[in-house]
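These notes concern the structure reproduced below.
By letter and in written order, the chains are A, B, C and D; residue numbering begins at 1 in each of them.
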Amino acid sequence: MDTIGIGLIGTGFMGKTHALAYGAVAAVFGDVPVPRLEVLCDTPPESAERFSAQFGFARATDDWRALVNDPAVDLVCITTPNKLHAEMVNAALAAGKHVHCEKPMALTLADAQSMVNSAHVKTAKTIVGYNYLHNPAFIHARKLVSDGTIGRIVHFRGFVDEDYQADPDLPWTWRATKANAGLGTLGDLGCHLVSLAIGLVGPVESLIAQTQTVHKTRPAGDDHPSKPVENEDIASALLSFENGVGGVISSSRSAWGRKCYLAFEIHGDKGMIRFDQERMNELELYVNQGPKSAQGFTKILTGPEHPPYGLFCPAPGHQLGFNDLKTIEAHALLSAIRDNKQACPSLADAFEIEKVIHAIAEAGEQGTRKQLNEI
Amino acid sequence: MDTIGIGLIGTGFMGKTHALAYGAVAAVFGDVPVPRLEVLCDTPPESAERFSAQFGFARATDDWRALVNDPAVDLVCITTPNKLHAEMVNAALAAGKHVHCEKPMALTLADAQSMVNSAHVKTAKTIVGYNYLHNPAFIHARKLVSDGTIGRIVHFRGFVDEDYQADPDLPWTWRATKANAGLGTLGDLGCHLVSLAIGLVGPVESLIAQTQTVHKTRPAGDDHPSKPVENEDIASALLSFENGVGGVISSSRSAWGRKCYLAFEIHGDKGMIRFDQERMNELELYVNQGPKSAQGFTKILTGPEHPPYGLFCPAPGHQLGFNDLKTIEAHALLSAIRDNKQACPSLADAFEIEKVIHAIAEAGEQGTRKQLNEI
Amino acid sequence: MDTIGIGLIGTGFMGKTHALAYGAVAAVFGDVPVPRLEVLCDTPPESAERFSAQFGFARATDDWRALVNDPAVDLVCITTPNKLHAEMVNAALAAGKHVHCEKPMALTLADAQSMVNSAHVKTAKTIVGYNYLHNPAFIHARKLVSDGTIGRIVHFRGFVDEDYQADPDLPWTWRATKANAGLGTLGDLGCHLVSLAIGLVGPVESLIAQTQTVHKTRPAGDDHPSKPVENEDIASALLSFENGVGGVISSSRSAWGRKCYLAFEIHGDKGMIRFDQERMNELELYVNQGPKSAQGFTKILTGPEHPPYGLFCPAPGHQLGFNDLKTIEAHALLSAIRDNKQACPSLADAFEIEKVIHAIAEAGEQGTRKQLNEI
Amino acid sequence: MDTIGIGLIGTGFMGKTHALAYGAVAAVFGDVPVPRLEVLCDTPPESAERFSAQFGFARATDDWRALVNDPAVDLVCITTPNKLHAEMVNAALAAGKHVHCEKPMALTLADAQSMVNSAHVKTAKTIVGYNYLHNPAFIHARKLVSDGTIGRIVHFRGFVDEDYQADPDLPWTWRATKANAGLGTLGDLGCHLVSLAIGLVGPVESLIAQTQTVHKTRPAGDDHPSKPVENEDIASALLSFENGVGGVISSSRSAWGRKCYLAFEIHGDKGMIRFDQERMNELELYVNQGPKSAQGFTKILTGPEHPPYGLFCPAPGHQLGFNDLKTIEAHALLSAIRDNKQACPSLADAFEIEKVIHAIAEAGEQGTRKQLNEI
């Protein structure tokens, strides 16, 4: 296969990012089937037409079912609101298409399970949009961990905050409802953190948690001076990983000043690694070696030594951006298709992330320890 | 009272810091009784003599009971190993002396309670060595919180790490035993963090916790190839404060690269404050005001606008050091004596901190939620 | 014009960046003629074919003159070695094409002057690749300066360092010769810094300078154990701007640890702005307003409030990357073409930058003050 | 000699710092004659009495000549306005006293020369208050340079800024006059930077410079709506060191946001060191060794491995403060007295610093290169 037909559903934040990624991936990497941007779906039809022209797609539609069944489409990108993912993914898989689905997978574990089941019986390749896993800095952190550079892992701490729900005066929206948004900060942000935690330390065995809704109501217009916020603004958990490592994680969508604070520190018995996505091209490493007088955290700027950075830019320290991570993610799916093996994180991989965030939500509500194998 | 007689027990890390603090406090502040460095106690007697001369004390002794009963001594500084604090404090209070005791108060809550009881029936003033509370940056953070600068408090996160127990090859010492050291990282480090958390947010109502001993044994010489470590290397907790705020705290004495990492972030509904003791002269503040294009964390360098910095140095950004905090602490006790009111944190105040760290240890061992009022 | 035909000469670092930029610009901005990637030129022909396929161009050639005269090509991107720029630009302009030329313009001022002259008599639009001018953080810095946020400008300091020539053991290459490379660090790096300095403060009136070649020879293989380095590794200058402001600039291509250190601070009588391209999504601003106790440098993370960031990503703090700056640069040229007005920096604008770097080189060699209007 | 009698002239910023330093030095170091705080001089007499009591001196006087001739005084600390230094130092040396003089030495080179001459014919020990030389972080930087850790030195950049003269509305004071203040930023701040530059790289051979007075007049009360500022607010220079290294330095007393920004970077052919006094307990080191993927600037927190830090605090990262540097400086003088050898920087050493700042001022005014051996 020299080329591959792309269908994109959705034109918002993630829709544009997917369009840019599939437009750039062949030029950057040069080793995968070249995407043909075949069909873009949005509603109303005029919007589909407009974005189709802007994003460089050949055709537009307002019928997502037509898109997933379009014979020119080999791979479907699903960037719609989370509650729509399950039906669209299942339909795309039923139509034999490869699937690139945004995170989180679904509002409920049942829906997510249905997607895993659909993927299981098909040969299609799938990937879920945990884009921060594809940051060269994170890839390097994983390599340092697996190399033993920081020794035996003993502790993990992770955080993910933004401030888009920090203002008490923001009006009530569908985001505040379980029916339309599902989880709160856990679904928007926390799942990204869990993707990194599992990627660095391994599967979670059990956890205890605390969740808070700090803005319990929000203004809702003239008729409803306020409406309740049903899901959590802040969630924190103490994790027991299967390998015996302990961890602390916390996420807030109401943290003033935090714009893309996805940060972790991983403690080993020989060293420590720190990272913060707000400085996504930097990794800090402390190793207990050499004279004590020279020890300290080394700030590593990513560069060609940290693949696949060099395919974007041959000069170190020049920096990748947020959209570049989606290009690497698209490459992960395209090369899986090329090689006929699973991409990572597939729907099945991502289901493990979903289980953790739902376990945190339940543990927070019920005040009890949750075993992941009982979720 | 124009002068005040000081007796110091102990000449280690904290002993020297106390000697420097009481040597400098009058010159820095100019508004308190001038300390007379009367008696220094250490063992063996030659050590007492040597340090007495170096630290500028008038006399030396190896008998701490003689020191606490010395009529020239008005104020006793107790910087001995933690297991000795209770007996010494109780004797000093019985002798009618003011007491400056290092933290933590004792190995057990029962011992700590006995100290509070001793203080309760006396008119003497007491202070416990939670020196980081006296950092002008922290004092300013408290002011910003009480001023409402960051609005209603919604969340707290705090961390305190060092790496003095990070190396797996360190030999076994008395620090590893409950009988001689009591708690692990909670007693050494965690209590400092709790002092800041309570200072910023208020009393803790309940908590759940996780504790880990990551180096379960340590080499113990030829006869004992290894001996068990009985107390925790890492402790983490999810806090419910009495005012409904939730918090996350974590402490490790085995965190490579961390030297004095006592850090917190406090989230309000109008802003956030961040601090890290490794940059003890800086405070970071985000406030949701002014145009969005200009918002960001402001790095405030402490200066004369942040009392009592200006009494050490009239120029901002020139920086206080660790020992200066003990001088401010000494001033807090001396001015309490001068004004005949309680210093803060007194033994009674500090007992609340002790209860929290013991609650964390118990919650971590038992896996259950602990109510502070049941401790 | 709905679309515009692009011809790209060169496939190295900058060639790939141009290809990505023209591939993405319409999707990102949506308001310019859509680029058609028509012809790519490289040598040998197989290389042209390979990169043409990878980068998504319709055709390949190894004959740059054919490309510049190709009727389907409206805009020529010139990313070849600097010594080739003048001939190619002049030919492209003669053929009536718009020109996107990489920096620096040429090895000599005479060549650069010829390019300005060619552009002068044509209606074509031109832009030179000073990509850092297009960083939203820099655009915002300029806005803050012109808004008067930091008051009257009183001083400028700027630096640009990398370490690609820091290793004394690197072999001798053509970069070391005046005939093939022209200037040293001034041509590679210093010109970028000058572009920012002029952009923030205005034209330079005169300067004094110091240049150094710190590695005077480099190993040159078996026959020539070493060959001389003819151009400067480090250049520094004290600038007098036309408006009376003084400035200090310094550039090194031999500065270990520096990867993309293009940094400046601009001092006003009401505040200061700091920037470092190694953290290209951050801008630091100090303004003397509000209480002294709250003043400090505010670290602004770029976001949608800093155009055109929001067209790449609607969420602040998620970060643009190096390649995104070239996309904004391409947009500047395409919108100039659309609106039939000059882009900035045009060849004429860039010539002012060339004059400054050549003045620095001459002042450094001759030890005298250089007036820019005598260059 | 077991003890040494101290006489202190002046009770301002530096006077208090000296008092604290001589009060603490014996307790911290334990290896020098113990200071007896004998006489404090200030005017009027009541001020002398008050500060004498506060600072712990035995006696007070308002007659500095009486102090320098007091038989109980062995060492005279001179912290008066700079224009008074020469007469006082010369008198103290004539009386056979050791001298601890604040920087800069004097308003004119002639006065400074007279002080060197006075010291030359005496056996007394002298030191000038270049306190930043005594920062353990700086001492370690010098060690790294002399060890060859960063290889052959190729370049130096240094900066020193504060903002105490940044506000255009500040009233005119004696600081603005050459007769009373001498140089501007060069005398207050620039000399500190030169002390570090010489300490790291070696003597300066020649320089070119630029000086600016950015606030040319200042408000001067009702009768004089404004008066001229006679000395420089900003000074910058390009240095040629005797060993062939080139350097760039710049200093401003009008740099908003800068509180104690005394920063340098020293470039070697194997690495680089960076430092900023606003984070005085940190040193950043880059060395070209090990895999490229792990290289970066290492942030070293000072600790007991960086003498004499450990005498203040046995725990790394706990931080020294500004006043601690003066204690180390006092120790340098006391141990020189104890060992009967010269302290560093003596008056003779400091004279080399004075020559450089006066050469910068002259070069800036005259626009010509200055050879240091002609100053």
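To be clear about the criterion, contacts are C-beta pairs under 8 Å (C-beta built on N, C-alpha and C of every residue); 3 or more make two chains touch, one makes a residue touch a chain.
Predicted, not measured: the structure shown is a model, and the values here were computed from it.
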{"item": "Least hop count linking subunit A to subunit D through chains in contact", "value": "1"}
{"item": "Longest centre-to-centre distance from subunit B, chain (CA-based)", "value": "C"}
{"item": "Distance from subunit C to subunit A - Cα centre to Cα centre, in angstrom", "value": "35"}
{"item": "Centre-to-centre distance between subunit C and subunit B (centres being mean Cα positions), rounded to whole Å", "value": "54"}
{"item": "Length of the line joining the C-alpha centres of subunit A and subunit B, rounded to whole Å", "value": "41"}
{"item": "Residues of subunit B touching at least two other chains", "value": "258, 295-297, 301, 303"}
{"item": "Subunit B-facing residues of subunit D, complex", "value": "13, 16-17, 19-20, 23-24, 26-28, 30, 34, 54-56, 162, 164, 258-261, 278-280, 301, 303, 312-324"}
{"item": "Interfacial residue positions of subunit A with respect to subunit B in the complex", "value": "150-151, 154-155, 157, 159, 166-168, 208-210, 212, 214-215, 233-234, 236-238, 240, 246, 248, 250, 252, 254-258, 267-272, 286-288, 295-297, 367, 369"}
{"item": "Interfacial residue positions of subunit C with respect to subunit B in the complex", "value": "140, 285, 291-301, 303, 305-306"}
